[in-house]
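After this come two complexes, each holding subunit A, first together with subunit B and then together with subunit C.
Right after this comes the complex of A and B.
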């Protein structure tokens, strides 16, 4: 294990309820918090903690443009040479693939300056065919599903 | 031969004759025949009277013992011996003979399971009855024999017995020659990895075996060396479960063996625990390791012992303070925190040797935020742990109890000493608190708050000093947006000693004043948490409750939704304060609630306009009422009576009475909840009579309610509670009174049914529902008629809705007054009975004329009873439930979908047959216009994946396709449910 004792961070409170939550006439737009809620519970492949606890994903590193149909998620590996960065990115991508409507264009990237081979990982993560091919691999799919299960 | 057996089984032959008659069988050369003969003899022995048996015992015993090694007869012989011991027919000398024969003639481990089990049962019985004698006479011989019998045993059932015997043998018998053998023979099972097979008929559990084995291994201090060495060896295993077991056993060793036997191992124990804390990430292992450390620390009683024990930990901690990696500091801190919380002596060492240096490092490293956080966290943890340890021991200021032993004295000395050490470190600690509170980090500020409050537990602050220190904390936590400090304040304020009343009330007043500045509901809730925690620390918080209630009523500037949440949170806080406050305080607090409520009613009545001060909603008031009601139920009769008198005086005053005016005024109906809260929880013996003016007003009040069902509930519940507790068999007068109430309740309903009246007020329908519930609960004579009337109402257009609600009321658990904790009379399983008796009354008419009302009532009926009961009727109900999914009524749909969701896990087999219909209906409901329906449908879809995979997997593509639209729903709550469903189906 590369980072045996990672620093843990406090989890965010549940989203505060709002008066219009149960009002059928009001349309709730997608926002950064909603996307954050989707990915914060993903388990880290190495540690028994979630990505939120390890500060791998943070709300201010998520951009959502509901009308422009775009979502961009940046994540920060716990250490700059983390070999799990690609797997974490893949997990985030798969979770968003399964949970967001198809109209969104989703980008998953490493936060600038937080990883030594950032460009390489980003390229892998944005290559649709490679992602699809990775998910064809039953062993890898099993690992991803484990990270995504609560 | 069969003839003899036949006569024997009829019991006609005396024992002595029987033996001679059985002679040929008992001496036969044919094995099965000997088995039969011995079995017959044993059966006869069991039936024989004890007097007759006693005379024959010597012969029988000799015979059975001799036959033990005759393989075909072993089982019956053991049964016979067991019967003799169980019947207390043998003397102690005979018991010794029996043991010797058992050990000499039988090599147990070569026998079948049944025989082994019998042997251990026999030994267990013998030890129970003759343990002391056997220890005296047989001594080591017994130990050797017993050891040989169980060495190598594999069956869990036998082991459960053996594990019970070993500690007894180890503590009663002279085992010195066999110490190692005995320990080895029992400890070889460590760690236990047994998992009971499914449908295990014997009920042996892993926990039972683990605790049994632990008792064996820690049975005598003679095992100490071997045991600790073994456990430490196992703790270095790579399997987490083994580690947890090893550390838990280690903690038990510490308690069982004591300081003398454990101290030689302290250094190796510490090294092992330290390794786990640094290397293992599994929280469970860490917890177990730290608990083991605490257990060892608890053994030290003098300063020298504690110094020696803590030395490696302290040295390393001080070393780590200089470490560049802040992480190691905080990880190592866990060890110190565990040790400081274990014992006053070890806590004193930590305060002496570690705290000053840590404070120094904290202040020095002003620029290194990570280091500060780490050191601060450790310091706060140490202070909290020591404070908890300090308050767990009796404070020296309290008068010593009469049986004050030397151990108690030592502990008191420890408490005093610890306080002295904390006092010595006070200047440094205060400078740490000061630095933490003035730092810009939220986290450090919270650390400062936690440290300061836990220090107050040692009584090292004068009152004024404490108040000025608290002022700073309050300013920080109540006037800033820092929620961490508020949480810390709420968590730690219980450490303020209850003798510091001024300080406590100061915190309470400041927090309540600050409530008005809390703009966001979340912030408000955090403030309330503080109020709740402080209110439960000190004297009865009458002023706090009063001002909270007034706040509930007056703040009306914010938007309605936010207001409602704030009101609801406040009511919950008051409820929690009520449920935790002492009985003496309750009466005073309830009095305060009543007077504030009456105040509110008066001000609202004075304001003519209908939009008066903020209306408290029914949900808030019923929460509040639940708290008040629970508290009132436990008061003394005199206190209850005076509160009831006060309440009834208030509400029956005026003409028309105040209660009636409240019922007529929509703004005030929620406030009437106070009436059942105070008067509805009286025990059966002292309950109000039905003729009491307040109860009569309730009946009148209920009928005048025309607005909503909820508005009538408070008055109806009081009447129902009184009716429920009134015993109609007491005398004729009471019986007539009960009948009159029932008649008056039924009258408006019947007028409506017969067409005399066009409609019936909603209040009257609610009253009918509650009166029926009160009578059905105690299975009163009138209940049957009322229930029949209820089902007649289903066909009447104006009453059908009320009838459905009545079914709901009858089966739902009433939180406020109609429940056991409020002394209501409740027949066992009345819901199940109601369900069984009336399910046909809904199913049959529906089959005749498909009126959706029946489906709605059915959904309430099903929701009210436990699932196992529903399962018995499932074949009848399932088609109806599926039919309900075709309707568009949102309430009915959500109820039915929730019911299906519950059934998925409880009755998967029945649902599996209809899964195709269920999936299709659910997918159709995803476009329903009500979001609650869409959400419930998605929740059911997510639950369906629990059904056997081969049943659901064919629907996967279809469901995932439909979920894509749901993922883009316009409501967020629906989207969240869709995400869950989508994840679940993707994982299939």
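Right after this comes the complex of A and C.
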């Protein structure tokens, strides 16, 4: 393991209930908090912690444009040469692929300056043929599903 | 572009194929080549004069993993295929045995080869790759093999699609860098047996600022000279060349912009028939296929779109 003792961070409070939560006539727009709630519990491939606990994903590094159908998630690997960066990005992409309406264009990128191979990893994660090919691989798909399970 | 999209009047080949990703007809229309995720290329032949009877008469094996593209040369003599294994394979059709034999394996790209396109009349093949570059190849009789005659650099990300104009003097390339580049051929100063293929290709125009995401497909209509693109921003766009081809820097204007698709547009393809007589007009259709599982057809006149079908 490359980073045996990662620093842990405080988890966000649960979203406060709202009076209109159960009112079908009120439309709740997609926002950064909703996307954050979808990806915060993803398990790190190496550590027994979630991406939120490791500060790999943070709410202020998520941009959501509900009317423009765009979601951008930036994530920060725990160390700049983390070999798991592509896998973590793939897990985030798959979770959003399975959860968000298909109208959204989703970009998953490494936060600038946080990884030595940032451009290479970003290019792989944005190539839909490579993502599809990765998910055709049963072993890799099993690893991804483990990271996405609770 | 699964074959399963075909209407019930057409033969559904999808059950016999593993995830076909790209397919092209031969120049005669009697053959169809399909590239598959399982690493194989299949050649299908129409066995009767109806469109419903097709038979797989050759399965070409050799690529290590997904085949991204496959297409016939203009003469029908050659078939080319490319793969994530970084190679381009050239297959030669042997008249006497009616078989395809691999006659060259080209290793010029350093990453996945995403797309192929043959010159409209010559044995000149172009390939585009995840390594951001384009290669052009022709047969070399001196070594009985194929050789690279040009390596085009300039795109800042994956080259997804290529298209020649009708004469083959211009090549359009669509890229993940959100641009389409136009490359112009200049024959060599010293004429030779290979003057048609061995000149230089220079990027003379870059269409930027039109596409807001990856450009996945480009196709050049050989009757109207209109250039169509399919983009990850859900748009189908058509550009018209505003200067004659002899101009050193051809310029283009956007004449059509359609966003009826709700997801990425993966493929655009022209179907054009020359006018049947003096007063007749050309019949021009533009097909587009998208991740939204819809195929749209738009009818065009020489100068622009008339109406959507």
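Following the convention adopted for this analysis, the second predicted complex is superposed on the first by the 150 of 150 C-alpha atoms of A that agree within 3 Å, B and C clash if a C-alpha of one lies under 4 Å from a C-alpha of the other, contacts with A are read in each partner's own complex, and residues count from 1 in each chain.
By our rule, a contact is a pair of C-beta atoms (placed from the backbone, for glycine too) under 8 Å apart; a residue touches a chain by one contact, two chains touch by 3 or more.
These numbers come from a predicted model, not from an experiment.
With subunit A as the common reference for superposition, the partners subunit B and subunit C occupy compatible, non-clashing space. Applying the stated contact rule after C-alpha superposition, one finds that A:102 touches each of subunit B and subunit C.
Of the two partner chains placed by the overlay, only subunit B lies in contact with A:47; subunit C stays clear of it. With both structures placed on the common chain, the touch criterion links A:34 to subunit B but leaves subunit C unconnected. Taking the Cα centre of subunit A as vertex, the centres of subunit B and subunit C in the superposed model span 150°, given to the nearest 10.
Once the two complexes are laid over each other on the shared chain, residue contacts for A:24 go to subunit B alone; subunit C is not touched.
With both structures placed on the common chain, the touch criterion links A:13 to subunit B but leaves subunit C unconnected. Comparing subunit C and subunit B on the residues of subunit A they touch gives the larger count to B. For the pair subunit B and subunit C, the least inter-chain C-alpha distance in the overlaid model is 12 Å. Comparing the two interfaces of subunit A, the one with subunit B and the one with subunit C have residues 102-103 in common.
Residues 102-103, 105, 123, 126-130, 133, 136 of subunit A touch subunit C in their complex.
On the subunit C side of its complex with subunit A, the touching residues are 37, 65-66, 68, 84, 112, 114, 130, 157-158, 176, 213-214, 232-233, 262-264, 291-292. Looking at the complex, you find that subunit A touches subunit B at residues 4-5, 7, 10, 13, 16-19, 21-22, 24, 27-28, 34, 37-38, 47-48, 95, 98-103, 145, 148-149.
Contact residues on subunit B toward subunit A in their complex (touch as defined above): 278-279, 281-283, 327, 331, 370, 484, 520-522, 559-562, 565, 929-932, 964, 967-968, 970-973, 975-976, 979, 982-983, 986-987.
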